[in-house]
Amino acid sequence: MITIITLGTNLGAKKRDDGRAFDELRPLKIEAGVLERADGSAYLEFGGNKVLVAVYGPRESHIRRFQRPDRAYIKCRYNMAPFSVDDRKRPGPDRRSIEISKITAEALQPAIILEKFPRSVIDIYIEVLEAEGGTRCAGITAASVALADAGVPMKDMVVACAAGKVNDEVVLDLSEAEDKDGQADVPVAILPRSGEITLLQSDGNLTPDEFEKALDLAVKGCMEISDIQKEALKNRYGE
Amino acid sequence: MITIITLGTNLGAKKRDDGRAFDELRPLKIEAGVLERADGSAYLEFGGNKVLVAVYGPRESHIRRFQRPDRAYIKCRYNMAPFSVDDRKRPGPDRRSIEISKITAEALQPAIILEKFPRSVIDIYIEVLEAEGGTRCAGITAASVALADAGVPMKDMVVACAAGKVNDEVVLDLSEAEDKDGQADVPVAILPRSGEITLLQSDGNLTPDEFEKALDLAVKGCMEISDIQKEALKNRYGE
Amino acid sequence: MITIITLGTNLGAKKRDDGRAFDELRPLKIEAGVLERADGSAYLEFGGNKVLVAVYGPRESHIRRFQRPDRAYIKCRYNMAPFSVDDRKRPGPDRRSIEISKITAEALQPAIILEKFPRSVIDIYIEVLEAEGGTRCAGITAASVALADAGVPMKDMVVACAAGKVNDEVVLDLSEAEDKDGQADVPVAILPRSGEITLLQSDGNLTPDEFEKALDLAVKGCMEISDIQKEALKNRYGE
Amino acid sequence: MNVIPEITRKSITNLINNMERADGRALDEYREISVETGVISKAEGSARVKIGNTQILVGTKPQIGTPFEDTPNVGVLMTNSELLPMAAPNFEPGPPDERSVELARVADRCVRESEMVDLEKLCIIEGKKVWMVFIDLHILDYDGNLFDAAVLGIVAALLDTKIPQATVEDDEIIINREIMEPLPIRDKALMNTFVKIGDQIVLDPNLEEEEILSARLSIGITASGKICAMQKGGDDPFTKEEIMKAVKIAEGKTKDLMKYLENPTTP
Amino acid sequence: MNVIPEITRKSITNLINNMERADGRALDEYREISVETGVISKAEGSARVKIGNTQILVGTKPQIGTPFEDTPNVGVLMTNSELLPMAAPNFEPGPPDERSVELARVADRCVRESEMVDLEKLCIIEGKKVWMVFIDLHILDYDGNLFDAAVLGIVAALLDTKIPQATVEDDEIIINREIMEPLPIRDKALMNTFVKIGDQIVLDPNLEEEEILSARLSIGITASGKICAMQKGGDDPFTKEEIMKAVKIAEGKTKDLMKYLENPTTP
Amino acid sequence: MNVIPEITRKSITNLINNMERADGRALDEYREISVETGVISKAEGSARVKIGNTQILVGTKPQIGTPFEDTPNVGVLMTNSELLPMAAPNFEPGPPDERSVELARVADRCVRESEMVDLEKLCIIEGKKVWMVFIDLHILDYDGNLFDAAVLGIVAALLDTKIPQATVEDDEIIINREIMEPLPIRDKALMNTFVKIGDQIVLDPNLEEEEILSARLSIGITASGKICAMQKGGDDPFTKEEIMKAVKIAEGKTKDLMKYLENPTTP
């Protein structure tokens, strides 16, 4: 298990409410292989977020709806524990988790070599055990590590991070408080080798210039997190 | 598209709240072939009612419950849009729509040559976009036009109309206000060629004589509407 | 149909609120073969409880989840009628009825010769028409009679009865009032020939000695009820 | 879906075309009927009805609830039906299917439109609190003609129903279960169901007859002779003459059926 | 899952790689668009929108409800969408699936984040009662690009919406349906959807194009030029350049689209 | 349904008949146990429990709610359980199935009947407002014996739970999150689960053992030595002697288990 606190580069600049620099990530730690039964798993803490991911598969699917003749099908379930938020969340999927499950599958898919496993399914189960802003990105980042831990062949390891606008400033990795009071949130996932973007949402108000700045900042954050993903795997499997 | 205002025959008689004679229909217009994707479709306005019907099939059914070895299976879904009524209706089927879906399928079935399409299903989707009394009859009338538009082979074109009792008078085609304050409502569907009755309900209080009068009046209304159905098809396909 | 009032053996002892001795059952009557369509059925009244049980099968199952290659599958549904309790119960399964259905199937299963009917299912439908304490035991007892009435081959006829602790005394067969105010309830089902226990729950507070006493008392109650089960079948089928 | 062998279908149809039935009944004759009331002590009203081997248990439960906005001074009857999986080999557990929904809605309309219960007397505080009487149909054994059995059972159960006295003091409702009062009854209605088999109209179909019917017509008639409900079913049409003939028969049969409500058995 | 023949896929892709489209449009050109408002009299606001053969009906219904605890003085917009089984041969009846949920949520965010409606003015009694405006998307005919049609329809319906005057007297809310007031509108936003096919970025995909897209990007832009929503979909990634190019095009196209809101047809 | 090969079944059974287990444990020995509390900052109480490779996370959330009508001055514990699909290859997403319902109900009864929490002290306004403590079992990794892990986790989480001070002034409830108070704890109970394999009774079954068990018995015992819950499962019966032997062992084992509650790890 490794922990890193990114110090950021504009140390002299104005700080945020939690003391971070505008381009500074929250403390992050990732551990691979934390569950016994799952084929692959990962545990991630990112600021106050705690996320656990299990991967099963590639395995045979007996449901026709989830079979593709030429490739594997990615099934993703993003779920929040009832006790993960201030007011207890009722168990079971809601509209928010249905949408996040869908875009998480789409974000991870471009990295996975699906053609190797026709008619099979890869199940990705993301459990948010505690939520403090940025859980969808945390889930994607952890899921990549769990996929690698499960031995699923991938071209690259998808990594996700958000940038946004708070107090008229473009900042990296919004905390829960910043997300709530902020002006915009832009979650991004990338394939770090090519820099291509596999998840992109924007929620709030941004000029096109601000949007570009946020996108660039999020990509930069992704690259930093990517190193920690790799460390987590090295930590488990050696170099 | 054609519009008709039936003037009724007892013009000298006492009028109803909306000025109609006792045996007078509300203004009616029907248009066939209004949707691109559906195999057949029809749009109907009848007084304040607005109803859209789409037909898919006959097509293969992959659900065994809907397969008959010797004939096609009629599946009907009557649905009200949430904004079609004064107080927003929650989306999804309720007990009323389940019953109407069932009797609508039974009302239409006798006209359709089912034996031609064993193991297949014909889907009829009735959407009430705006409701102002008499939507089940409007749905059946429009569905017949949509079935014809889809090229489903039929012996006849089912048509529906209600009669009822308001202020102790037997009247044709109750409006929403009349239905609410009225004493009885008798929706009827017929095969116009034979005059046989494929839908019959009665809700309220009628002496047997009044019932017979209402039934006769409803059949008369059906015959008038039948002409408009045919016009709608002529309008689309020529003579 | 036969009715029996067990008089109990400690007649001189302190009585309970309803006048019964500590080891006395409520009046019980069982009738076999009360329904036309079911393969087997039984009706039971036990104190204020009224329970009706129908059995269908062994019959072919078309649901793979309920098929076992080497034996029959027992499906049990315990259900309370909406009008069976003081405050109307919403129709449909709740958590309590799901648990009781599961343990009822497990309680009955050891008696049934399942290997005779591979891939088939035996459906047991228990309807509580009126509830007055002890319905799960009443359901099991009646279900055995219905299984016998259906001709399902069995090694023995499972029978159930509860004991418990009320006012610091270990007593047999708690009524609704006793269950509510009591300190513990121990429902037990047995195979009467071997005395082996196929259902056992305990809810409340008992010392190990009290528990053993309650268990013995419940087994004793089961043996008495077992005779009435057999009478019900004799009554229907002769000796 | 139950499938009846073609040979059975033909033999039943031929019999009926000759004005006979397999169980010896006349075409316009009911099977044996029994009505018991007061069968469930915890229900405020209950009835067990048998028509032939068809068996239905009906229980009523009054609850205090809020009236509908457009009828603020009127109590509510709520009818639910469960085609229990115990009642027939092909009934499945689960939420009510379309047959069950139709049964409950048609029976509900028949009773409501007959104005049997004076619902205005079930108002406790106008616009705020009224009695809602839940009527639950528990179908125990299914051998055809659920409509007539359901309405007979509901009417018997409503006649059996007692509701606790509810008085209002200082905007509080006081429920006194010591004083149980019968429902305010004004009229009664029962239902007669006919099916078309071959060339004939046949009353009270049993299961075998239901499985080969081409059309079905249920007619609700009040004690005062009014038609209060009607529902056609089935895949084939009726002629007007067939409908009016059924109405005629139903007028007489309803009077006969009403007698079963007069002295119901009590357990 | 719709399967498009490999040969069609190739021919569409080849055309687009040559900067052409099967229906003759330019890569950054919308299909024919029509907007009608006031089409449902019983809805407080309504709009029927067509983009090519895609057809959506949107209706709004204001109701009085309780505000969320963390925003006690703010009204609520609730967007629901039904991909009606009538709209496409492979849509099934039932609760909204993930496509339908995504559509409703993205459209909702686009409208909410544009701050089009001044929700604070929809507060009636702080912390207790606010207007909740239900927006229902009824998808009638599906020929691609539901996102842009949905947002166009919602915005047109909101501009058409009138809510009754609500005043507070002695802690009671008095609703006066004689006085209907338009919603408090501040800004407007519309959405532009691009898809990647072959090497190109293409605006307003029709159904055939949607079925072969490798990636999708929807961009919501306000009249005042702000990006208020964005949603990527599809199985393949975008490069940053592709995204910024789409943003550029969207800025211009939004202004064109806004014109359809100015003089909507009324039936 | 998991299927275990016949040969594995036989080898495990033979070992157990010889008083041995595949993992070297004695028949009445638990696997390694760990208890961590305070693991979820947003939960008012939480615990992560491992028994061998079985891993459960329990979180508690107090909410103010209405008491049940028949217990107007008593707070409420609500136990829910989710057998997460992450925990085993054959667990499916969806509403709790019968195993999950049984687990939650048995664990709930064990804790409730032990009278561990003084629920009367959770009453805020009699008949109107009480604390409802939601206990959510999140099953993360399933290697057998969920019952014992669940009860251990719930008890640890309840011991860890702090609820905000709630005072009543002028019929208003004031919640002060600055002052967090522990739950009023009176007793404690833990559960011991035995299974019958071959001729023996075995404590704390792992997954492989669970899959070949013929019968299961879970016994809840309080710190004060009372039996507060019992639940038999499985397809085969127990003799009375087997049951009383299990009770005997459980009395001793409960005392050992209680030690894990004394110094739980905190992260």
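A few comments on the model shown:
Read from first to last, the chains carry the letters A, B, C, D, E and F; within each, the first residue is number 1.
Here is the rule we use: contacts are C-beta pairs under 8 Å (C-beta built on N, C-alpha and C of every residue); 3 or more make two chains touch, one makes a residue touch a chain.
Since the model is a prediction, treat every value here as computed from it, not as a measurement.
When the partners of subunit D are compared with those of subunit F, the chains appearing in both lists are C. Path length between subunit C and subunit E in the chain contact graph, taken as the least number of steps between touching chains: 3.
Of all chains, B has its CA centroid at the greatest distance from the CA centroid of subunit F. Seen from the C-alpha centroid of subunit A, the farthest chain centroid is that of D. One simple way to say how far apart two chains are is to compare their mean CA positions; for subunit B and subunit C this gives 53 Å. Subunit B and subunit D have Cα centroids lying 27 Å from one another.
Subunit E and subunit F have Cα centroids lying 48 Å from one another.
Contact with two or more other chains is made by no residue of subunit D.
Starting at subunit C and stepping first to subunit F, the chains sit round the ring in this order: C, F, A, E, B, D.
Those residues of subunit C that touch subunit D in the shared complex are 35-38, 41, 48, 50, 52-54, 56, 59, 77, 79, 81-88, 91-93, 123, 125, 127, 129-132.
Of all residues in subunit F, only 40-43, 46, 53, 55, 57, 59-61, 63, 80, 82, 84-89, 93, 95, 134, 136, 138, 140-143 touch subunit A in the complex they form. Partner subunit D is touched in their complex by these residues of subunit B: 95-96, 98-99, 101-103, 106, 109-110, 184, 186, 190-191, 194-208, 211-212, 215-216, 219. By the touch rule above, subunit D contacts subunit B in their complex via residues 96, 98-99, 101-102, 104-105, 109, 113-115, 217, 222, 225-240, 243-244, 247-248, 251.
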